[in-house]
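Encoded as structure tokens, here's the structure I'll be asking about.
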């Protein structure tokens, strides 16, 4: 019986990289209680821990927003850049040239990527930068207190904002049309799936876009937030001085979803999301199929989750540039400054 | 026999609006001889003339680029705004609120819309602004002398630029995914089709995206530009002082294309474009079909032309705002400044 | 112990997102309704829930309502900031705290009042579980009310206003408040000196925040188009438009005379507004620093193509993202020089909530008259905090749409016009609007070189003529600018020049300098750039002028140096940048330091207060 | 008639896109190779084909090679500008034209030479039809060569260089040229006074444009990452990287030590460069005005997060899109104040092509040493025109990577560091780079408020400390800046301060002022902001200093006023903005006008030239 016991002592709590889960954590979160983003941070920690990734081998990036704050809350030992609103892609693109052996993990929001950041979002897809690009998608601007983002569904009603008259930006369709090489969708309330998709994404060479629906428990709560109290409606505030937040629990599926399964999830705001897992036979290497499924999902208002598309044949941006082995940021003057003799050659070229 | 004669005298040269074709022209073009953009300008003039549109009922817009210069070369009697690189959509969006009865015609380039302008391009689609949005698509930056734009095909080789390693942005797919309500593709060398699509687009209420392939005879001419002269290659310039342009004729189909027809067109640079007209039975109201056709075209490297998608049920941006009949820019102080009594009401609201 | 009446500060330390703003506003409004000059400043984090946040109230019978650096009364509800909060009480002050916080009380020089908030709320059967924290906040208001003498009727009025007369929340909150008051009455013994007593100094005044005022002012200015993108602290300006437009511009037919569009970003927000302004609408956008930076290219287009548009910048502190919830006057020099190439910006500088309203409508008149972007630089303190103000005044002049040619005008001049011709010698050309049916009305606007007829040109002469005209236009536009506000004192030998939200702090400092340090200073608050002749005259007059502002680099000082090199020697920069609303302390100390450096000999501080005190701005204005 | 030798200007008027640049360059290079100081300026439209374009060459034996306002020899090939071209010839000048242009010759005061270009080319059986226009350009070169005495051997050398030794195009072009020369020899009689005679004043010099020089300089600076977006007149800088990196950084293994990425726009271009700079690469971008405006927000991030990056702004004229193909120094004050909030920019100001090379590599040293964006402001004239220059000099100092902590450094200090700690009192903190394996190496960069350890904070104290340190850093960084260049004259009583590409014009004006107007002026060319002490001393020294620049608002003057209020009274702005490369005329007239306004009494112009002439900059430098 002794053979089946786990290894004795401290090693039981470390992974193959010799690190404990703590080595993957960040500062305590300052996001709202119950925010979907926190649950995603936890899965990032878990996935990297389980994949035995060394935190120093990763760079983390974000834009601006509640979602974009979250890299503070994981991977303390990882270099990170909390950049500008909508501009994570360009920062990450440049930074990853610094050391092409490192993997990027980027966290953005729907406002950050689909509104102000649409251009950069689309262009980083085209370039196939080697990073996991997570959109923590809640349909609102959390940090600026609940305006519609470009992924808000048509007809959504929000306090002070009225009704959204526009069709939502579909992050996955956008990624696919821009020839992203890995496209998946998940739901923060389904941590198991989030983690598994994260692992696949981390293993992918190239851009891996994860559209993770991540409820904003504070600002997507207008309609029925107080529905158990008759006077709830009375409490609405005309002069926007108040930002009252009822403490909420995270929305979590009680049971993992089977392939092909359809399930309804009640949100804090009283609305319902229809989750649908991809079918068993679904072939994620077929871009055309992926488009079909997404079009169908959009028409039926389903939230289809799972790995929608993967293409492992396309070179990453840094490999297109055919860089030297040594990380560029370890090169020295000897590598970078042409020899003294080169100056005469150059002057000769000048007439 | 006299009955069938056209009306006598000067009226023979005017349309139902009482205007001659000259009333639709602009300043002489300063674009290169043979540039596809000129041919599109001519069709804009022809389409509006034939549709009896009053030039004062239109606003014209553009960004920056050779293509974006072209609104100078049509519709002298029309208010126009040659804006900033990539920012035509926002200017047009605001301007068309000035008088919601007027139609917008915007001319942009592939660099202007798919590179720097990607964000605004996508968002004007979502808003369904009431305008014809023409992308004069040549795969290069003409005005800055021949760099790759985001619509350049993968593998394209350009002088001084090397080889393009990225997949092209597909203007029509982008428009479709962003829920544009009218999406068409055409070819500047097919003026008849361009004109007919333009007329349909002008008649459409909402955003009509026309992706018109419009060859840049000057900078998409690297490979075989001099192919009839053995020494052509020798003439290449390392220090980019020269911009030699052989005078070229416009690329024009000799014969209009039948529905469903496939035809090869030789370009000045020696490359070939495979044109494919949409099938007879094609249903442009089916968004899913449109996606399928475009995916297929992309896979086969076909240039599928025709009206890809139309949806006439969606409200335009200005109609969502439910504006007064009178154009907003004709309202007066009486309409715009609340009555004197309102000030007390407001002060009362202030505590 | 001497009573201190109507002259102290109160700071409440809570957690963000805990709903304390209703409570704090109730305190503020109640004091205001008691007729006592008061101000409230919300010092909140850039976060939605859980981080420390403070609300600080200044009560001052003389109308000095700038933020006070010291905290006389502190109410501590947040365990995370308890230590800091306790330490921050001035000696002799009062410290109230929620007694579920079990942390050491280390001070013996302050009056300590524990409050059993949780248990009071728990005992109220009318408060549902979910609402305990929220309503709990009312308990501390009740305790405080009891202890300093806040009037229960005015409190009820404040709550009634707050909840728009809806009885259920009013009752629930007022009950909790009363429970707190009752408990305090029974259980607490007054040990501190702070008391409220009714006055009549706020009669006829209103309370509002600058963003709401700006929104309403814009509506009275006939705003027709606003493009915007959310950003703290400017968001509530656009949301104010959304709130008040449907009310103030309601029509019988239910149709709309305006559109407010949330853009995808700030480039598009200003782009749309410029498009609308060009098309003849009264168009605006509102943003803060990062958004303004993104608007740079469009601002240059607006300047060069001469498009009327109003751009509100509600300033927050810092380069880059900085501190999104802290105030500043740090965007001035950037705005002045915004955009590559030679350019000049018209900048309006409201100093209080009333001026946010006034400049709300005036900015459109100026933009259309001068045909150029008009920047209005407010700040977080003015924009988001509640300020006492004279009531908003209905615009006393009709709208000035500037030089527009309609069909009949063109007929009169036989279509003979040029978009950029300087017919009147004031540098301002005539424009036409899309939709004009006259066949000669159209022109093609561009950001590229153009001649007097809006035709494309690269001609040097045309370029220079155009640019020199723009310069003439800019300086001549000074006559349309709001004049500076002048606060003289008798026998002044030096000047103070400032702008924006610092006025209250400077008035107080001006008083202190005069009465305690023997430095008599006239104070001019500049309200616009280009500068009007009053500014020139003011600078001319004194041997020393202190330029006071809330930024690091002395940005107004920099601009004045470029415009008034002849006065360079006597202008002294007094700049401060802590992100907090201005206080008299730093103004006074800053001026004293510079004054001393210049060899000035301030008199020793005199304790005796003179009878003739200058009125504070808000109360002074009421009388006008 | 007196011969005028090596002292005149030539202007060729053609159509854009007609391929005349080979011809014009051949003239320029041939004269250069004859040892005569020469410059060439391309005045081209913002268009690809068909619009009038001019190329103007200044030949001057004394080395005064600024653009000359007058045209001594004009060659007219373009019917569209024929009238203008003819009118532009100075009386006594020469006018060559293509005789297929049938337009009236209205001048009798100039020598007229018709040239049968078309028929000469038609008669050459070796020229294919398509190439007739192109090769036709060589005919006018041949005619001119014959008439003014250009050396055929140097012409052949120029063509050989141009066509990289490829015989076919060399022959075809040289044959056409010779045909032109032969025709002229037989058919034209010399009536004008202009002659070339060989000298040795260009020995050892090279000819290059500033953008190429900047690209090559950057490569010698070890550039590793460039993000860029096409824009005139900056495009050729990035394309220069693409041209020369593969040559100069070729490796045995064919792998690359660099990446040049064409971004989707300028926001992304600078964003990528900042990402790369942050990750430890020598990173840059290059743009012009509109692109710079779009980079504003990122520039602020770079400043506040302290990321080394180099930003080249090759200036063109105008706010907004302006005149994309005209030169200017109009982005200076915008760059200085770029970004909302308090910020300061380090700005390098190269004055010639050699300095474009030098600042190409020095800018990286400065950016990494100071950890901040470094802006290099070149302009279209310097960037795109061919200038004589001393040969590029290999950097004489090793790369300065600034304060970087690697694994071993962190081990030494036991991981005990803070990203924004000012350990050395110079305001410059230490940084680590991603990929550093030390577990204490990582930090989280942000544009939000941060403390010394890069942790998020909203604390006022931390904010002020950080911002004050940034200010210290900025001013202390002056010691890393290139020193100004000083051109003294004997007995100077006034000063001229300028920067950038105006040097040649100012040297000539300086000479004229001294020798013809009795105004002896020392001239300092500033090469960087923050200003070094030499600038202070210079300003201190004279009663009047003329600040000369190519913009409307006197932007350097503005900045100097903010930095040196004590000298405000004596600094006079001389600004000009016609979009053309600087000429001595406007510098001289501008200074005379200001000098007069100040009551200066210039001596009447003296015709007698003094023996001791100052050397022009390019020839002077060669000797160093």
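For clarity, chains are labelled A, B, C and D in written order, and residue numbers in each chain start from 1.
Note that a residue touches a chain if its C-beta (ideal position, glycine included) is under 8 Å from a C-beta of that chain, and two chains touch if they have at least 3 such contacts.
Please read all numbers here as calculations on a predicted model, not as lab measurements.
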| item | value |
| --- | --- |
| Which of A-D and A-C has more C-beta contact pairs | A-D |
| Farthest chain (mean CA position) relative to chain A | D |
| Euclidean distance of C-alpha centroids - chain A vs chain C, Å | 37 |
| Intercentroid distance (Cα basis), chain D paired with chain C, Å | 45 |
| Residues of chain B touching at least two other chains | 84, 115-116, 118-119, 123, 150 |
| Per-residue overlap in chain C, given as positions that touch at least 2 other chains | 46, 212, 264-265, 290, 297, 301, 320-321, 446-448 |
| Contact set on chain C toward chain D in their complex | 45-46, 289-290, 292-294, 296-297, 300-301, 303-305, 313, 315, 317-326, 328, 330-331, 333-334, 336-344, 446-449, 458, 460-461, 463-464, 467-468, 471, 551-553, 555, 558, 561-562, 565-566, 568-569, 571, 577-580 |
| Contact footprint of chain D on chain A as seen in their complex | 23, 27, 54-56, 59-60, 71-72, 76-84, 87, 89-99, 101-102, 119-120, 123, 318, 321-325, 327-331, 333, 335-338, 340, 342-343, 346-347, 350-351 |
| Residues on chain C engaged by chain B in the complex (per definition of touch) | 29, 32, 158, 161, 206-208, 212, 216, 219-225, 227, 244, 248-249, 251, 253-259, 261, 263-265, 267-283, 297-298, 301, 389, 391-395, 398-399, 432-439, 441-448, 455-456 |
| Residues of chain A touching chain B in the complex | 115-119, 122-123, 126-127, 150, 165-167, 169-170, 173-174, 177-179, 287-288, 291-292, 295-296, 299, 315, 320 |
| In the complex, chain D residues that touch chain B | 17-19, 21-22, 25, 46-51, 128, 130-131, 134, 163-164, 166, 168-169, 172, 212, 229-232, 235-236, 239, 242-243, 262, 264-266, 290, 320-321 |
